[in-house]
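Every chain is named by a letter (A, B, C and D) in the order it is written, and numbering of its residues begins at 1.
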Amino acid sequence: MNLKWKRLAALLAVMTLVAAACGRDDSSSSSDDSGSSDTTDSGGDEASGAFIDPSIDCADYEGTAGIDGDTIKIGTIRPADGPYAIYDQVTTGLDAWVTSVNSEGGIKAGDGNTYKVELIKENDSYDPGKTPALAQKLVEQDGVFAIVGTIGTENNLAIRDYLNDACVPNIALATGSTNWGDADQYPWYISGLPSYALEANYWADYIADTKPEAKIALLYQDDDFGTAYQKALTKAVERSNNDNGTTLEIVGEQGYNPLSGTTTEAAVTSLSQTGADVFIVGIGGTPCPQTLTFIPESWAPETYISVTCAGNTAMSLAGGKDVGVIQAQATLDPADPADADQEAVKEFKTKGAAAGLDEGQLDGGITSVGWGFGSFFGMLVENTDKVERADIMNTAFSLDQPAFGLVRPDIEIKTDGAADPWAIEGFRIAQRNADGGWDELGPVKNRNGESNELAG
Amino acid sequence: MRSTTPNWLRWGGGALIAVVLIALPFQFEAFRVNQFITWMCIAVAAAGLNLLTGYNGQISVGHGALYGLGAYAAAILVTRTTVPMLLTIVIAAVICFVAGVAIGLPALRIKGLYLALVTLAVAVLFPALVEQFSSLTGGGRGLALVVPQEGCPRGRPECPVRWESPFGGLENDQWRYFLALAITVVAFVLVANLVKSRVGRSLVAIRDNDIAAESSGINVSRTKIITFGVSAAIAGVGGGMLALLNGNPRVNPTSFTLLVSIYLLVAVVVGGASTVIGPAIGALVYGVFTDVIGPELPGRFENATPVILGVLLIIQMLVAPNGIVGQFKEIQAKMASRRSGGAPEVHNGATPVERDTP
Amino acid sequence: MNDFLEVLVVGLGNGAIYAMLGLGLVVIYRSTGLLNFAQGELAMFSTFIVWTIWNAGVPMWLAIIGGMFGGFLIGILLHQVAVSPLGDPHEKPLAVVIVTIGLFLALNGAAQLIWGTVDKRLPPLFGTGQVTIGGVSIQWQKIGSLLVLAAMVGLFLVLFQRTKVGLAMRAVASNSESAGLCGVPVPRILMLGWGLAAATGTVAGVFTAPQLGLGTNLMQLTLIFGFAAITLGGFDSILGAVVGGMVVGVLSSIVPQYVSAFERMPLAPAFILILAVLLFRPQGLFGSKQVQRV
Amino acid sequence: MPLLDIQSVGVHFGGVSALDGLSFSIDEGQLAALIGPNGAGKTTLFNVVSRIYDADEGSVTFDGEDLLALPAYRIAELGVGRTFQNLALVPGLSVLENVIVGAHSRSTGGFWTAALRFPQLAEERRLVARAMEVLERLGLADLAQRPCAGLPFGTLKRIEFARALAGEPRLLMLDEPASGLTHGEVDELGDLIRQIRTEFDLTVLLVEHHMSMVMALSEKIVVMDLGSKIAEGSPAEIRDNPAVISAYLGAST
């Protein structure tokens, strides 16, 4: 019947596309397998006040699983070996946060109790094929209360249906994929990062303000992460030209596949010939700072880099070419002398050191992200009157409070269920200086509730 | 080739193993059961590789790619067509057969170390290929095994395909386990029949002495190509099982990197190349190290599993190149000959065919 | 046009690295007749040694020599412990492939255990400066890599053609049995081949690390390009490795820029090259005809 | 019509001729021998007939069929069996299995039927029975289940013989079957060849250095040197041929 025909049509459409595009097909294809990432209108919200009502969605709801007396058990999944094992550093930060909290006696929750935290770490080698069994282990065998700070968009996608159907919170995902904007259908997920799409809009806005006739060269990672930048930026440029009369133009675009085995050098070189005066590096991990080293001297564009390659560890790989790059920042950089006086930074450095982090980890900018995920979870527990799974999520989706952890002080933490599922929606624009710090070019602006709408 | 194991031991052992295999999903948590399913997928893919590399002597360092092809083929068929799920695994096998034949053709001319080189490149190329055809495969984002259906949670239009047990009382993971077990047993029985048959003898004959084989009437080229195809098809079945049965609602290119190809080789060699049950034992060793022992290693050494497997592979190759099963058989044979007195010396009975050099 | 020239320069720079890695592979092939699948990981490992020494405050050039020496020792050790007990690689190609793949896994994992998971920074040997010639920017590092490559080739040519050791290596490679009968200390020569190859790999690693970042996956994919280079040039040809490396470097940089089907897989031209050469000219462009068809 | 007809066959490796315009023929039922010094091209001829080497010129017909037009694996099926000078057994298989491999062209069954086993069972039983028969005939029956690896050289030669017979050949080509055997064993082998030939109704082409055996056994002898035929005839004729004496007998003894 109807369904069958639809699928047959889809198959035909895809086959035609493949034939027509002869391999290069992503940009011309509108089919999106994840299917749900684009649906953002929240439509049928529950009539009841709370965002999640476990009596409706959860068959065998166990709201307090993982809480044993005064201990909350949480789990996390990350790559500890293999090519992506660098992200293990994020988990090191989360682990240090747990150590630190426990050494202070625990988190004082909204219900008046003080809870210690127990963290169970699993290793999926960044293979999303392994993540589901590990999530299952954490939930069913270890009986964790929530999953916190799990690494990888694909890895989190692999356990999304399972965790949502089991009504287990997945808090502070270590990814800003636009997939996490779908709290209507997946209310047990909340990202620990700002949306990649929102970040791209901050770049676009700043460019429109300062260089209304900018010619933009874009290098993006050819996966969920990079294409989020690419789509959002394209849309933002169009909107700015329509609404503000700018004449921004994307004059060159190159995708980079991190599994391809080459560097971005050829792509950068090619982009350098486009005459662009703005260069956007929508690339994460080590290839990001490497890309900076490939910019030829004959090309001096204003360069923007992804938030994922901030921090000392990444920037130190740029061989001095990091000076002058521009970034949208949502968090404090512990290595930035300008941020050194911030209370949150001081606190992180003292407590982190006490919890066993070394100087490289404290300043590196990767470990502090994990610390931030811990703070996120801690903040939710503090704000929840009754520490139950659904209540934690309801807290997460009705936040209205000042910044927590290492989030920049002027950023407002606001959420509102499916209408605004993003906790962190503010950035400042800053430029890397020669002292290993950042000079502020534009102060923090908050764009609460706009992340989903601004996605491409 | 003929086993020296006494009959009572074979039947008794077999019955014991059967009981254990059936009891497992009732004794372990669901996540373990899912890991067992993954091990079975690896065992099946390794059995395919063993047919090619162990029995036929054609080296492949790229079977992870065929494993991946099988997984993607099954996943795409399930999400985009109405083909029944188990049938998609069969179609995936057929697709992999064709791919295997395509690789097998150049393998007629490219042998030994050079074939290893080419297949290595295939393994490395596979994730990039997935990326290249991203409209079909979902690219780096992975492919969600979701289909439009009624009654998905929270009014989602699509949700992951599910295996519902037609028999009451079985949990979802247990039912998937038994489906996987059934496919695995069938795959191993087929391979066992194959290697004990006329075809199996010709595979070994080609491996050990292709000229003698040809002179005995074996069509060496054809057999080698079909072996590549059949081996690929079996690896594809493993991949199809992985996509549909291991409880993961998505298929991702990062699950089919070069490392997977290497681990398949580890399973074959450590378990026992050119023994029927070897790949299963090897997959078990791999699984136990990665999923059971690895996570228990103390903090700093938690990521030592690859080193352990690498060293294990080398040691196995140096000390007992016939793998665990081969070693076991050797010990058995030794004990048997000690009982009957007189230990047979082991000499290689073949030398290469002569050429008179003018 | 500049566009093309710029990308061409990128390709030549990469090509130099592939050629360096290829040289190590050729040395092993020439002395022991095998393709070393662990060559890339060996190079990665010794590059980490370079980093360790450099990080301790030793000047870079000295650190590189230290790394090469370390690589040399590790190469020898691995050959003695894992490879040589297998016997003739032509008799048992499967065993050799499997052992070198085991080394691949073990070296990679060991590096991660020793040096951790965070990429290290190894500065470019020739700095980050650039020179502009006719509107085309060229990094000094690239020019440097070509010079180093030239020096290495010179050394190897002298080694193989002018020295007793080189002659012995050639003899062992072409027929180890009769070389042994002529009084060549075969096991020692094989061992030396592995050591030399590992030392050569260090240089390739030192040039790759500033580009890719020094992590444990430094050479995993670079190795395929190195293999493509020597397949094209001929498994036993020093000059072939250089020419092959350059061709592969240029192809894998230029083709994806102009052929959209290869945009996401710069590896594909290298793969096609490997396949085509092995099928139609197995000895490569400069190799001696000895790829056997038994 | 001769059973095997070799006409002006030439094989050249680079600039060197391994065979150069070689012609001779064998009649059905004949027991013929091919002799000549090392490097004369005897094994090369075997390899041409069994299609391991390509002939650069000339023709080879077997029972009227052009062998050079066929791929190597079809040769056994036509009824040409052979043994190898330095043995070409499959060490990974048992003695029995090696012999069954020899009957490959006399059996059927591909990947599908093999994997499903049942359609194959009767065939398999027939093959085992037949192979056992051959092994028994050659006095090897009690070794049937042993792996080939580890058996003495003389036994292995016999297994090769058995394997060739299992293919039910009409023409059996034996490449130095007596090499490495003791005197007594050589005599035994001669008797065996003679008996087998009658029993199995074979035409035999023999390459052998043991002149006494050749002379005693053969009905026709072809003498080769440097890739060409220098003489052909009955043992008596060959013994008296001056060319043979100078080129071969004189040179080698």
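Methods note: contacts are C-beta pairs under 8 Å (C-beta built on N, C-alpha and C of every residue); 3 or more make two chains touch, one makes a residue touch a chain.
Everything numeric in this text was worked out from a predicted model, so none of it was measured.
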Chain whose Cα centroid lies at the greatest distance from that of chain A: D
Whole-Å gap separating chain C and chain D, where each centre is the average of the chain's CA atoms: 49
Intercentroid distance (Cα basis), chain C paired with chain B, Å: 32
Intercentroid distance (Cα basis), chain D paired with chain B, Å: 41
Multi-chain contact residues (two or more partners), chain A: 23, 80-81, 85, 88, 222, 257, 260-261
Residues of chain B engaged with two or more neighbouring chains: 124, 128, 131-132, 259, 303, 305-306, 352
Per-residue multi-chain contacts in chain C, two or more chains: 109, 112, 117, 220-221, 224, 261, 264-265, 267
Pairs of chains, among all present, that meet the touch criterion: A-B, A-C, B-C, B-D
Touching residues (chain side chain C, partner chain B) in the complex: 34-35, 37, 82, 85-86, 89-90, 93-99, 101-110, 112-113, 117, 220-221, 224, 227-228, 231, 261, 264-265, 267-268, 270-271, 274-275, 278-279, 282, 291, 293-294
Parts of chain B lying in touch with chain A, wherever the complex brings them together: 29-32, 34-35, 38, 79-82, 124, 127-128, 131-136, 138-144, 146-148, 153-160, 242, 246-255, 257, 259, 291, 294-295, 302-303, 305-306
Residue ranges of chain A in contact with chain C within the complex: 22-24, 80-81, 83, 85-89, 222, 255, 257, 260-263, 265-267, 269-270, 272-273, 286-287, 289-290, 293, 296-299, 313, 316-317, 319-321, 360, 364, 366
Residue ranges of chain B touching chain D (in the complex, touch as defined): 1-2, 190-191, 193-194, 197-202, 204-205, 207-209, 211-220, 226, 230, 274, 344-358
Complex contact set, residues of chain C against chain A: 2-3, 6-7, 9-11, 13-14, 109, 112, 117-119, 121, 123-124, 128, 130, 132, 135, 137, 210-213, 215-217, 220-222, 224-225, 252-254, 256-257, 260-261, 263-267
